[in-house]
Amino acid sequence: MEMKMMQAEMGQRDENRRKADHGSWINRRRKWLQSMPNVFSIALMAAGSLPLMAIYVWMVLVSFSDSGLIPKNLTLENWSFLWSELNIDGYIYPSVWTIFLNTLFIATGTSIFEVLFALLAGYVISQTRFPGRTILLQSTLLTHAFPAITGLIAAFYILNTVGLLNTLTGIMILKVLGGIPMSTWIIKGFFDEVPRELTWASQADGCGRLKTFMTVFLPHIWPGVAAISLFAFLSGWGEYVMISVFLFDDSISTLSVVIKSLYNETSSASYGQVMALATFYMLPCVVLYFFSQKALMRMKL
Amino acid sequence: MRVQIEHLYKSFEESKAAVHDFNLRAEDGEFVTMLGPSGCGKSTTMLMIAGIHEVSKGSIYFDDDLMNYVHPKDRNIGMVFQNPALYPNMNVLQNISFPLRNLKVPKKEAEQRAKDAAEIVQMSDFLKRKPRQLSGGQQQRVALARALVKRPRLLLLDEPLSSLDARLRMSLREEIRRIQKSLGITTIMVTHDQEEAMSMSDRIAVMNNGVLQQFGTPDELYNNPVNWFVAQFLGMPAMNRLECHWERPGCSIHVAGTPDVLTLPAELAVSGNIVANQRLLLGFRPHQAKLASNGKGGAKPSLGAKISMIEFTGREKLLHLVAGEQEIKMYADLSDAVSEGDEVRLEVAHFRYLFDAESEQNLMVKEDTHEALAIQEEGRMAVAR
Amino acid sequence: MRVQIEHLYKSFEESKAAVHDFNLRAEDGEFVTMLGPSGCGKSTTMLMIAGIHEVSKGSIYFDDDLMNYVHPKDRNIGMVFQNPALYPNMNVLQNISFPLRNLKVPKKEAEQRAKDAAEIVQMSDFLKRKPRQLSGGQQQRVALARALVKRPRLLLLDEPLSSLDARLRMSLREEIRRIQKSLGITTIMVTHDQEEAMSMSDRIAVMNNGVLQQFGTPDELYNNPVNWFVAQFLGMPAMNRLECHWERPGCSIHVAGTPDVLTLPAELAVSGNIVANQRLLLGFRPHQAKLASNGKGGAKPSLGAKISMIEFTGREKLLHLVAGEQEIKMYADLSDAVSEGDEVRLEVAHFRYLFDAESEQNLMVKEDTHEALAIQEEGRMAVAR
Amino acid sequence: MMLSPFMFNQYVLFTITAMMVVLISFTSMDSALRWEFNGLINFQKALLDPAIGLIVLNTVLFVAVTLFIKVVWGLIIALTTTYYIRSERLGTFFRMIWLLPRVSPGVVEALLWTWIFSSSSYGILNTLMFHLYGWEAVDWLDRYPLLINIALSGVMGSSLSMVVFSSAIQSIDKSYFYVAKVDGANEMTILRKLIIPFLKWPLTFILIWQGLSLFTSYESILLLTDGGPMHRSETWALYAFHTAFFTLDFGYGSAISLFILPIVILVMVISYRLFGFSKLMKSV
Amino acid sequence: EPSGTAAEKGEGGVEIVTIEVMTRDASAPTRVTNFVEAAESLNKKLEEEGSKQRVKVEQIVKSMGEEEFDQHFIFASKSGNTADIYATGYSKVGWMADGDYLLPLEGIDQQKVFENLMPGYWDAVKWDNRIWGVIQDTEARPIFFNKNVLKKLGWTDDQIKSLPQKAENGEFTLAEMAELAQKAVDQKAAGGGLLLTAGGKDLPIIFLNHGTEVYDAQAGKYVLDKAGLTDTFTFLSKAVNNGTMERSFLSTGKDDMLKAMINDDVLFLQAGIWDEAKWRTRGMHNKLGNVTSEYVMDNIGVMVMPTAKKGMKPVTVSNPWVYVVPKKTKHPELVTRLLVEVSSPKLQAEHGVQTSHIPFTKEGQEYDTVKQNAWLNYVGYLTSYSRFMPNHPDQPKFEKILKDATQNIVNGDMSPEQAVSWMEKQMKLNLGDAFK
C-alpha cells in the first residue's frame, strides 16, 4: 500500500516537473515543421503536374469544339472521320481505320518480335557465362550510340535489296532491330533478379530448360516484359521519320504521317480536326499505359 | 536518462492499433528489452520512441521532456537495426563519425571520437574498409559504434543480432552488454529471441498483439509469468503444457487423457475462486521433470508417458514423450538407459506454472507480485491526465 | 538408396578448389549432415550431387550408377534450399504438385499426392494460399513437401532452416526428422548450425575450407573429435581452449600463464611421440568443469580463475572466467553463491580433448577410432574402380 | 542459338550498316545515289563548314542542359513522390501523370507544342500571357528555339529517369532513413549522403544511356523547330540528317554523322573509367 | 504491290488506265485537280480516235516539306513506287534528270498549246539539252513597298506612283532604296527598312541586281564573280550595320515579314507575287484580318528590285512549277497527252486566279478570268524581268554556300573579301567539276 502511495506521488512529481504539454506552442511549431517537406512536395508536384494535365485535357477539349484553339462550343464534327471520310483541302485521305490498322500492325509487330528476341538474348546473357559476354554487352552501348540518321541510307539499301521497301513489314523489322539493344538490356536486369535457387529448384523438380523458363522466369520477369512491350509498342506506334522516308503509298501510311501532314503550314485543316485525330492517335497508347503502368514502376536496370 | 512511455497508441491507417495502451518506464542506465512474437508491435514502439513514426495517442518523455513532437535528430539517441544499415558509400570511420559530423563536430575531433568508439567495439583495424568488405558481425559492431559515438542519452536496438549466426550472436550479446554497462546508457532493445532477452536485460517487457503482457526482471518473468503467453514464450525448449482439471480444487490435478493425478505441494496449495473440475493448464519446463527412478512411479505422484523420440543434444538427451494425447519434452541424463518406444513415468518437480485454461492467467502468481503489478498500474493511472 | 561420393573436386574458374578431394558414403535411409562454416563448400557439394553444378573431377554414384552426367531432372531427387524458393505465382497445392506434373502424373492423382504430402508437413489448411501469404516456416514446410512429394530416392536439404527463428527451427527439425524416418529416404542436409546437425543426423560430415575433416556419428564427433576444428565446432557454448604444455609428458599439464598443473587420469595417460614442453591445447566444455566445493581447490587438481561476468540463462548461470590471460566459460548452478569479481577454483572433469598445438590433432583419439577411420578409407578405396 | 537474333542484329546488321555509312562518307553520293568516291573531301568540308561552330555549341548545350534537366527533374519527381510525399496514393498519382509524355507519340507532342508556342496571338501561350499580363504576342519558337527544345525534351523526357529513380529509391531499405534521422542528419544530408550515393548506378546509367541518346537523336527537334530558324536549334545529329536528306548530300551527311562517334567513344571510355561502368554490365 | 499505274477492264472492253498525279503543296491543289478536267477532255479525244483506253486520274495531295518530297521522290523512284506525274518546282529538274529518274518528253514543245509559251521558259525544264517536263505556272519575286510609310516620309502620291517605272528603267538604285529605308527607320516611320526573303530562290535576287553572275549556262558550270559578290556583300554588311535591315533577316519567317508589310511596319519587302493571296486569306492584318486585293493595291506597291547602278536592267527571279514524269511510268504516251491537256489556257487561268500565279502562255495570260483579275494584271509585267536560277543538280549546294556566306557577313564574322574567298573554297570543295 505504501508502495502504491509512493508510486502515485512520484507520478505527481513527474507531472509538476514536466515543462511543455501536447498543446504548447513549441510542440505545435515542431509538428508544423515536421510536416513541411510533405506539404512542400505536394505543392511542388501539384504545381508541376497541373499544366501537364491541362495540356492533355485541352487537347481533348479542342477536339470536341468548333472554335479554334480555345474550346467553346462542343461538337462531334471533328470526329466525323471515324464514320465518314477524312477530307482536307478537298483531298480525301484513305479511311482512318485503314491507317489505324497500318499503325497497329507496325506497333504490335514491333512489340511482339522485339520482346521475343530481347527475351531470348536477355535470358542467355543473364543466365549463362560465355566468352565474349561482356563484349556483347558493351557493343550494345555502341550500337545504341551509333548515329541512327545515316543508318537510314544503309537501311534503304538493305530494304530495297530484300524487297521490303514501301512495306509495313520493312518498317516493323527496322523498328525491331533498332529496339533490341535497349530492350535486351532492360530485360536482362529482370533476369538477373530471379533467385538462382528458384531455377535450381525447378531443375531438381524435373523441369527442362523450356519448362524452367516458363514456370520460373516468366512470372518473375513479367513486369519487365510488360515494360518493354509497351516501349516497343510506343516506339512503333509513334514512328515518323522512317515511315515518311520508306513508305510511299498513301494506302499504307500511318497516323503519325497523316497528322504531321495536317499541321504543315500549308494545310488548312481545323485545329479541332487535327486534335481529334491526335487524340484518336493517342488513345491506344493511353489505354495500354493504364494497363502497364504498375509494371513500369517496377522497372530496374 | 529515464524514458517514460504513457498510454501509447499507434494505428496505421484505419486498421486496428498496432500498439495499444503501452506503458513502460526505463530508469537511467537500465537495459530494457521488448520481447514478443513477430508483428506484435515492437518495432513500431521503438520507432515511435526514436521519433520516426508519429505517435497516434499517448506521450513519450525523456526525463521530464515531452518528446512527441521533437524531430529524431534532436532526440539525441543512437539506434541499431537488424539490418546494420551502414552507409555503403562510406568507410567504417566515416560511418561512425557521421552522427558527429551532423552535429557539426570539427572533422579532427569527430574522427578521434569515432576511433575511440571503434576501439570499444574492437573494430580499430578495419577503419578504412567499406561495409561490404565486412562480415555480418563486424557490420553490426560498426553499427553499434555509430550508435554510441555521440554518447546518446538513449540507445535503441531493434533486433540487432537476429541476422547473425549463433556463435556471433553469442559473442556480440556479451559485447553489447559490456559496453552498455560501462557507458551507463539507458538502452531499449527489441528482440523475439527469449534467450537473448533473458541473458542481456535488466528488465523485460513482453508484448503480444500490440499489448504489454508483463514487465519485470528476467527472473520474475521466468519464475512468475502472469499468463500462459509469457510462460511459454520464455525458456527453450518451451514449457510443456498439460491440459488438466482440478481433481480436488486447490490441491490435486487430473491430467487430461491419463489416469494420473498430481498433488500440489502443500505450500503451493491454491485458494480463492475455485470451481471443481475447472479446466487448467499445467506448465513445467523440460528440465523441471525427471524420470521416476524405478520407471514405475515412486512415492511421489508421477505421470505415465511413452517415449516417441530421443534427441541427442551433446550433453543430455531430450526425450519426446506422449502422455495420453499430449506431447511432453524433458531432459534425461546421457546415462539414463531409455530408448524410443519405452513406457516411462516422470515426476514433475515444479508446480508454479498453473494457469486457468480460460483466461490463461497464472493461478500461482504470488500475491505480492499481483499487488506490485496493481500498484504499478495505478501509479500510471495517477500520472495520466 | 546409397549415395557414394569419391574424390570429388570442384573449382570455379581458375580460383582454388571450392571442394577438394571430398569422399562420403550415405547408406540407404541414412540422414547425413554436412556441417561447416560459411563458404566451406557445403552448398557447392550439394549442388554437384543434385547435378546443378558440373563436377570438376571425381565421381558421384547413386547405388551403383554413375550420376556425373545425368541431368538433374532425371536424378529423382528432392531438394530444399536455404531460401525456400517457392514458385511465387503458384499456390501451395500447385507448388507441391509441380514435380509430379513434370513427371506427367495425371492432374487428379498429382493433386491427391500433393495433398497427402501437405498433410505430412501439416500444411493442409493452406493449400490455396500463395507463397507470399505464408510465414517463413510455412514456406519451408511447403518446400519440404514439394521435395518429398515424388518420393525421391534422395532428399537434399541446403540449410533448410537457417532463415527461421529459433522456435520454428526447433519444431521443423523434429518434423523433418520424423518424416525422413517414416519414409526412409536417404537424406543429405547442409547446415552451419552444429546443434541442428547434432540433433538430427545419423552421421555428420564436418568440412572446412573445402576439405572433409571428419565423418561420423554425432556421438563420435562430439566425444572423439579428430582435431581442434571439429572439437570447437560442435557444442554450444563452444569448447574452452586452454593453452598449456606438458609438465610431465603424457601425464600432467601446465596451464599457460598460471601456476596450476593438471594431472591426467591414469586411464587416459598418453604415450607415443611425446616431447617435453611440447605445446598443447586442452579443451573442455563449459559443463565439463565444476567449481571446487570449498572454493580453494580440493583433493583433485584444480585451476584458479576470476569471475568476470555472470550470465543468467534461465536454468543455470554461465560464468565467464579469466585464468591467467585465458578466457573460460563454465556453467554453475543457480544455487552457487558466486558474484562478479570472485576468485574461484574449478575442477576440470574431462580430459579427452587434448590437442597438439601445432597440428591441432587430437592426441586422445582412441586407437580404434583412428583404426576405424583408416578402415573406412580403405573400404572406399576398394569400392572405387 | 537463342542469341542468334540478337547476335545477328548486333554483329551482322550493325556491321553492314556501319560499313555502309563509313563507305558512303567517302563518296559524293547525292540525289542520284551514285557511289562516287571522293576521298576525304567530305571530312574537310565538315571542318570548314561555317555552321559547325554554332551547331557544336548547340549540341553541347542541348545534350548537357537537357540531360541535366532530365536527371534533376526526374530525380525531383522521384524523390518527392516516393520519399517526401507521405501518401503513397498521391505519389503514384503524380508519377502516373509524369509518365504521360512518355506515352504520347512524338508527332502529337510536337503538334501540341507547336500550337502552344504558336507565334500568332491565337497561340495558347500568347493568349494566356495576354490575358494574364497583357503581353504582346511573342514568336516563341523563333525567338527561343533552342531553349524551348531543351526545356521540352528535358522536362517531357524525364519520365524514364523518374521511373528508374523511383524504383531505385523504393528499393532502399527503410532502416537507412531511420538510422540517418536518428544520427542527426537533416533532410539535406539524407539526400546528399544517403539517397544520392544509393542512386549512383541508376544515375550513371541514365547519364550515359540518355546522354548518348541525346547525342544521336534529332526527331523531337526535327518535328518542333526543324533546327531553325537558321541553325539556331540545329544539333549535330539533326545537321547530319538535314545534310543527307534535305540537301541530299548523303556522302557529306554520313561524314558529319561519323564525327559523333569519337565523342561517343570518348564518353564511354571516360564513364568506364570514372564510374566503373563495367560493374554495371557485369552484374550477375 | 507497287503503286503507280493500274489498268482495269471497264465495260465494253474499254481499258481504264489510272494515272496518279501528286503534289506536295496543299495550298495550290489546282495543280492536281485540274487533271480531272484534263482527263475528261483527253478521254473525249480517245473516244473520237476509237481508242479502247480511257484515263482516270487519281489525285494525291500529300502535304509535305520540300525536302521530304525530295526524299520521297528519290526513294520511291529507286524502288519503283512513284506516281505517274509530279508537280514540283522547276529547279528539281536538273537533279532528277541527272539522277536518271525522269522520262524525257521529246517533242512535246511542238504541241500547239505551247506555241506561245513565254520566251525562255523551256530552259526551265531543260537539262543536258533535253526537255524533262512541262511548265505549270510562273510568278515573280518583286519588291513590295509600303505606300503609307512613304507618305510619312513626305512622298507625294505622284512620286509613289512613278516609283515602279523608275525602278524598271534603272533610275532608282539599290543605294537610293537603302537610303530611303534607313530614313524610314531613323524617322521611326516604320519598324523596319528593308526585308529580304532568305529562301533559296530569293536570296540571289539581290546578287543578280548587283550584276553578279553565278552560272555559266553555256558551260553548265558555276562561276565566282568576285566583284559582284564583293559589292553585294558590302551592301548587305552596310545595311545590317546601320540598321536598315534586321540582322536576323535570314532567320525571320516569311509570314512575319508579310505581317510587317500589311501592318505598315516595314518599308520595303522582297517577296513573291503569290504572297498577296496570303494577305487575302490568312488574316494577317492586325485590325482588319483578311483584306481585299483592292486594299492591298491601295496601300502596297510593287516594283522590280532596283539595280545597283543606274541604267542596269533589273532582274527578278521566278520559280515556275513544272510537271515531270518519272521514268518508270507504264503509260508514257497517255501521260504525255494528259500533260498537253492540262496545259490548256482555261486550266492555266483557273490555277492562276485561285493562287495568284501567272499563266505561262500568251493564251493563258489573256484568258478572260486572268484579264479581269486586278492583281495579276498589276504584276503581270514583272514576268518579263524574270530569270530563273540554274536547275543544275548541284543548285541546292550552291544555294547553301551562298546563304552561309551571307550569314557570315550578316553576323559580322567575315569581311566581304573574306566571304568571297571562303565561298571560293567551299565551291571548290562542294561543287567539284561543276565549278569553273
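A, B, C, D and E are the chain letters, set down in written order, and residue numbers restart from 1 in every chain.
Simple rule for what comes next: a contact is a pair of C-beta atoms (placed from the backbone, for glycine too) under 8 Å apart; a residue touches a chain by one contact, two chains touch by 3 or more.
Since we're looking at a predicted model, the values are computed, not measured.
Participant: Among the other chains, which touch chain A and chain E together?
Facilitator: Under the touch definition, chain A and chain E have D as mutual neighbours.
Participant: What chains, if any, are shared contacts of chain C and chain D?
Facilitator: A, B
Participant: State the pair of chains with the top count of C-beta pairs in contact.
Facilitator: Most contacting pair of chains: A-D.
Participant: Which chain is most central here if centres come from C-alpha coordinates alone?
Facilitator: Chain closest to the assembly's C-alpha mean: A.
Participant: Starting from the mean Cα coordinates of chain A and chain C, work out the distance between those two points in Å.
Facilitator: Comparing mean C-alpha positions, chain C is 53 Å from chain A.
Participant: Distance from the CA centroid of chain B to that of chain E, rounded to the nearest Å?
Facilitator: That pair's centroid distance is 94 Å.
Participant: If you average the Cα atoms of chain D and of chain E to get two centres, how far apart are those centres in Å?
Facilitator: 38
Participant: How many angstrom between the C-alpha centroids of chain C and chain B?
Facilitator: Computed from C-alpha means, the inter-chain centre distance equals 28 Å.
Participant: What residues in chain D touch two or more of the other chains?
Facilitator: Each of 245 in chain D touches at least two other chains.
Participant: What residues in chain A touch two or more of the other chains?
Facilitator: Within chain A, residues 245 contact more than one other chain.
Participant: For chain E, jot down the residues that touch at least 2 other chains.
Facilitator: Counting only residues that touch two or more other chains, chain E contributes 65, 71, 78.
Participant: With touch defined as at the top, which chains are paired up in contact here?
Facilitator: A-B, A-C, A-D, A-E, B-C, B-D, D-E
Participant: Give every residue of chain A touching chain E within the complex, in rising order.
Facilitator: It comes out as residues 88-91, 156, 160, 165-166, 244-246, 248-251, 261-262, 264, 266-268.
Participant: Of all residues in chain A, which touch chain D in the complex?
Facilitator: 37-38, 40-42, 44-46, 48-49, 52-53, 55-56, 58-59, 68-70, 116-118, 120-121, 123-126, 134, 136-155, 157-158, 177, 180-182, 184, 189, 192, 230, 234, 237-238, 240-241, 245, 255-256, 259-260, 263, 271, 274, 278, 281-282, 285-286, 288-289, 293, 296-301
Participant: Which residues of chain B touch chain D in the complex?
Facilitator: Checking each residue of chain B against chain D gives 47, 50-52, 71-75, 77-83, 85, 87-90, 98-99, 102-103, 143, 146-147, 150, 156.
Participant: Please give the residue numbers of chain D that touch chain B in the complex, ascending.
Facilitator: 173, 175-186, 189, 193-194, 197-198, 200
Participant: Spell out the part of chain A that touches chain B in their complex, as residue ranges.
Facilitator: Residues of chain A touching chain B: 3-4, 7-8, 10-12, 14-15, 17-22, 27-28, 30-31, 33-34.
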